[in-house]
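Quick one: structure below, then a few questions.
Per-chain residue numbering starts at 1, and chain names A, B, C and D are given in the order in which the chains are listed.
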Amino acid sequence: MNVNGERTFDAPRDTVWRVLNDPAAMAKVMPGVEAFDVHDDRKWTAHVKIPLGLGGLKMKVDMEKVEEREPEFAKMAIKGAGVGAMLNMETSFDLADNGGTCAMKWAAEVKIAGPVGSMGQRVLQPIVNQQVEQVLSALDAQVQEAQKQ
Amino acid sequence: MTTVAPQVEIGRSTLGESVPRKEDRRLTQGQGVFVDDVKRHGMGYLHFVRSPYAHAHIASIDVSRAEEIKGVYGTLTGEEVAALTDPFFQIAGAPGGQIKDFSLAVGKVRYVGEPVVAVVAETRELARDASELVEVEYEPLPALVDARKALDPEAPVLHDDAGANLMWEGVYEWGDLDAAFAEADRVVRIPELHFHRFNSTPLECDGALVEYNRGTGQWTIHTNNQFPGFAAIMMGPAMRTGLDKLRFVTQDIGGGFGNKITSHPQLVVCCLLARKLNRPVQWTEWRTDFHLSMSHGNERWFRETEVAVKDDGTLLGFRTKALDDAGAWLRYEPLGGVIWAQVTPGMYRWRNIRVDFTQVATNKAPVSPNRGYSRMQHLWFTERVIDIVARELQLDPVEVRKRNYVRVEDMPYETPNGCVYDSGDYAQMLDIALDLIGWDSMNDRRADAAARGKRLGVGIGSTLDSGTNNFGQSRLINPELQFSGNNEVATVKLDIFGEIVVTLGTTPQGQGHETTAAQVVAEILNCSVDDVHVRAGHDSYWNSHAGFSGTYASQFAVTGLSAVKGATEMLAAEIKKLAGAVFGGVPADALELADGGVRIKESPDAFLPFMACGAIINANNAGLPDDLGVTLNCRYVYRPPFQVPDVERKFGNLTLTYAAQIHVAVVEVDPETGYYDIVDYAAVDDCGKRINPQIVEGQVMGATAQALGAAVHEVFSYDEDGNLLTPNFYDYHVPHALDMPRLQTGYVESPSPFTPLGTKGMGEGGGAGIHAVCAAIQDATGAVVTTSHNPYHRVWELLEETA
Amino acid sequence: MLLREVEYVKPSSLADALAALAANDGARALAGGQTLINVMKARAASPDVLVDLNGLDELKGIELAADGTLSIGPMTTYAELVGSAEARARPILGEVCAQIADVQVRNRGTIGGNLCSNDPTNHLPPLMAAVGAELTIAGEDGERTVPASAFFLGVYMTAVQQGELLTRITVPAGKRDGFAAVTLGVDGTCIANAAASLDGSLRIALGCVDAVPVLVEAGSPDDVRAAVRAAKLDPPSDVHASGAYRAHLAEVLAERAARQAMR
Amino acid sequence: MEVTVTVNGTAYERDVEPRKLLIHFLRDDLDLTGSHIGCDTGNCGACSIIVDGVLVKSCMLLAVQADGSEIETVEGLADGDRLTELQQAFSDHHALQCGYCTPGMLMSATALLRANASPSDEEIKKALQGNICRCTGYWNIFEAVKSVAR
């Protein structure tokens, strides 16, 4: 499944870039983070419980930055392993500086394997949209937070 | 007083009567014994860790956390399997025959749901809990989902041992294609037809309880596998053991439809764990497991089809390229590459035919026999061709059929590839079906539907069943194979108190074998059906089976009942021989069986009841002549009259009988939504002599319901990554009571000249309902139907095409 | 089959139930269980604690007020609603509940469960949105009431937050309603549905085309298709239907529901 | 947790995990294997039983939820060896083949006829809608139930 979109942040590009590269901020952006380990500046691991209404989906998520051109482009490979669901995702962010605000184009290719992926295919797209919306709102909040500092 | 099943009058023939089923008393009371009902002290429950990926390397497996849990008895991994067993025997030669198939994934997974590790624990729940703690690290590989891309150079390759995804290919050509196309007034071209992937989803899934006897080295396998003979020849060599060490026991089976033939990999896992853990091991496959991994029907494409026709609709010949999607493993395949050839020209007098058949592997569940196995795909093709030709030539599909059907006066009819259609009058059957459906008033009904805003469509499906495979056809796939013919066994004996006991080699799943076998025995022994005790189920220790024993391929009424007939006739002869000796040298032809015993025709008072016969032979036999040669325990092996097919010409009789089905469906389509109802349905079958018409009709109705489900809803659909999108009955919609139309049935009885009872065997049909619905949709929408699966959204697309 | 380990409590009062739910954020309310138990079998969700609401009579029952307003306890089963004399005041409710799944599910599944699970294929979310139901939600801190149009937040998500329960469904008086659906076979899994209610103008709620029911208004059945098109639906595709087909069905079904409401 | 139930008139008391489904409790703990399991999703109805007079699918109930209830299963239908009229009708009309769905089907039909002794054709089909049969195509089941209706 491919999802993509554009979001404008009321903050300079450098701030948005900083937030996207700050593990502590990202831990607050991702849904249901219970623990967040930083291995180095390219590799992070999160233990999450994604809230899905009927119950949380527990997953160990390994993230690796596979490409970056500071401060405008980053690409991450994300592998999640949970019981009944394996997540494989590649996501990229394109940041444009619009003089004080920052336009972020993002795209993600999401693959969910395992029984949850099969059973949930009817609702996967809306759920992914929902999660994306929440992540972006949280990101917005973190950017605003960073602005204040 | 409650109603009691009517007693069958002694001395009256019941062949052809709907005798109440012997099985029903236990099954209506919940007293059947299905595999999950079998329990043993100390047994462990097995749960499979299954692959979440369609295609991936297995980098590592760690079972330590699972094994640490209290109540977990142990695990089994692919690595252990590879050390303890040999790969399963492959039916194919190279390249498909080079693949190495083990009972758990070794090094790589090739479809979502493939068993990777087995965990055994004290409770079902715990086994599943522990399986969640097994850590498998996968390195995902690109998945191959579309068979049409399997042979592309850049396609991911499933089996390195085979070198590519090609599993088997063969060219079948009979007659003179060039002449046929030269003679043709017109060549009808059909770029692509697609027969979709589904199966019969028996309500009971697979399962086993396996006990290992350390002292004798023997496994007792309680299972619902429907073809233990096949399972044994797969399992024995793989497990490096003699077949007598594998005892298969079955009582009741909750539906099979071919889908329970290839559970041998799971049975091997159970056997290995029963030995490893020294305790009984129980495995129940749940619905999702079944959908993910068990016996999908063959998905098939027919490409670049060309049909040589005369303007009057006379069919001269066709050529097509069949591409068969086997899924990830060849569990019974590539037999699907030849089974269709039993019905090469369908019901028609096509004399010039070429089929280029290719079978490939994909990252989907392995295919295996499914009701109508491989023939159904081909017959769908021939029926689609007829209706597309009729549309192109603007002829009535009824007329095109009648013009080309094999005629009653041509019976027995030898097809271009040497199959011999035994008997039948297809045109007559079609007339009966059209009559049932009210063909003459169809124009009024069309108008009536139109007035209600609906579009009415009518479609015909004409198909053949196959009762009794000639296993020699496997040699057309692989000339090295040493299989041919067929056989089935029955044992009939008189016990010490004169009880008539029948043992079958079959593994029935609802076909009423206990009843029909008793009817045949009663007929010959001239006794009541109620006096015949047919053992329920199958046990290989009963020694009443042969190499091809089992319940599959619509063959019981031929192979099973012929064996019963043979054994009973042996017993009847022995009873007379014994009585002759007891009566002091009366010849057999002066004796008759009647009233539960044997008597002298001319002086009926000289009567020896069966009880006396049984007692004399079993317990009171001093003084009998030395050369009497009577045991009253008669085992008979029925062997159908087959020759080994000519491998070079791909020529020979591939099955003994060809029961026929002609079905007509009437649909009403909502043109706004594509939603449609099957509003009327008629099924006319000819399976030769019907032993028990009610059972025959039940099979017809059941096969029809499955066909209608497949035509409208049922599909094993995968996304591009190889995830199964219909893993349960929520998304895989099977027909319910409200979904079924009124089913009208009719019949013709054309006894087979080739079988001892005139029976043909039946039960599978040829998927006539699918073909009839496709034709009806084509009629209603005016668009050419090119796929066997036409859910509402597909019909809406067809409507859009013609809008 | 085979659920993960779970604790089970069966409170005897609403207050106890709310307390149990608030005490553990892994706690989930168990109503009829006709969805939740199945999700748990697949282990796609595994609550730590199940709070069984089946002992709470205060969440059951249907009352008809003098002004025709229906007050429905969320633990009312579909079958109870179908058989309820009071519920006939708004006939569409019983008509729709009678086509949910099958007898056994209707005997056990509840109105509240259907609404709170908010599976996009459920019939009741669009129906309640169309008839303008109001939903009362209780928490340990008190009660609030939200209109159905604001109740559904996402797939499997509603305004009922952790620690809260839906306690009452209030359906205003009215009779001019309609409902249409295309399902897999008769009463099978829903592909698309639409509910309509005439209350001055036509209020139509479309199901299965988005994470929550989509509301559109139209002046007359003749305007319905245009109104649906104007909603610029982008329904998800799945194995049963493409997004385009769902969008098309939404138009057709909306019009049919509207015409039924106008009858 | 302690669970006390009466099944077909016999009282049982067992200690079960809360997560155990009622169908597993009946089949594995009480050895009442007449009720069957045919799916994972509550669709097939092979596990249909009557709990306190209400027809339910026992795979969508926890055993602990049945505590204190009166349960009827297929094993309780016949009086000793005397089949009920409905059971006999199933045999007479060949309404079963493999017999796996039959226990659930019988319970659904029993519940229907108790509530409505003279159901219409449509009511019969609607009453059987929650039970999947893969063998018969339903027609003979319908005929069997109809033959018992008044």
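Assume a residue touches a chain if its C-beta (ideal position, glycine included) is under 8 Å from a C-beta of that chain, and two chains touch if they have at least 3 such contacts.
Since the model is a prediction, treat every value here as computed from it, not as a measurement.
Chains joined by the most contact pairs: B-D.
Comparing mean CA positions across the assembly, the chain most remote from subunit C is B.
Remark: subunit A and subunit B have CA centroids separated by 50 Å (rounded to whole angstrom). The geometric centre of subunit B is 43 Å away from that of subunit C, both derived from CA atoms. Per-chain CA centroids place subunit A at a distance of 31 Å from subunit C. Shared interface positions of subunit B, i.e. residues touching 2 or more other chains, are given as 124-125, 132, 286, 288, 725, 728, 730-731, 735-736, 738. Chain contacts: subunit A has residues 83-85, 115, 119, 121-122 touching two or more partner chains.
Among the residues of subunit C, those in touch with two or more other chains are 1, 3-5, 42-43, 102, 186-187, 238-240. Taken as a contact graph, with one node per protein chain and an edge wherever two chains touch, the assembly fits none of the named shapes, being neither a line, a ring, a star nor a complete graph.
Pairs of chains that satisfy the touch definition comprise A-B, A-C, B-C, B-D, C-D. By the touch rule above, subunit B contacts subunit D in their complex via residues 2-3, 5, 18, 20-21, 23-34, 36-37, 39, 124-125, 200-205, 252-257, 284, 286-288, 509-512, 694-695, 697-699, 701-706, 728-730, 734-738, 740, 742-743.
Across the complex, subunit C meets subunit B through its residues 1-5, 42-43, 102, 182, 184-189, 191, 238-242, 245, 248-249, 252-253.
Taken together, the subunit C residues at the contact with subunit D in this complex read 1, 3-8, 10, 33-34, 37-38, 41-42, 50, 52, 54, 101-105, 107-108, 186-187. For subunit A in complex with subunit C, the touching residues are 52-57, 83-85, 115-116, 119-127, 129-130. Contacts from subunit B toward subunit C in the complex involve residues 124-125, 128-129, 132, 286, 288, 672-675, 712-713, 715, 717, 725-726, 730-731, 733, 735-736, 738-739, 791-793, 796-797.
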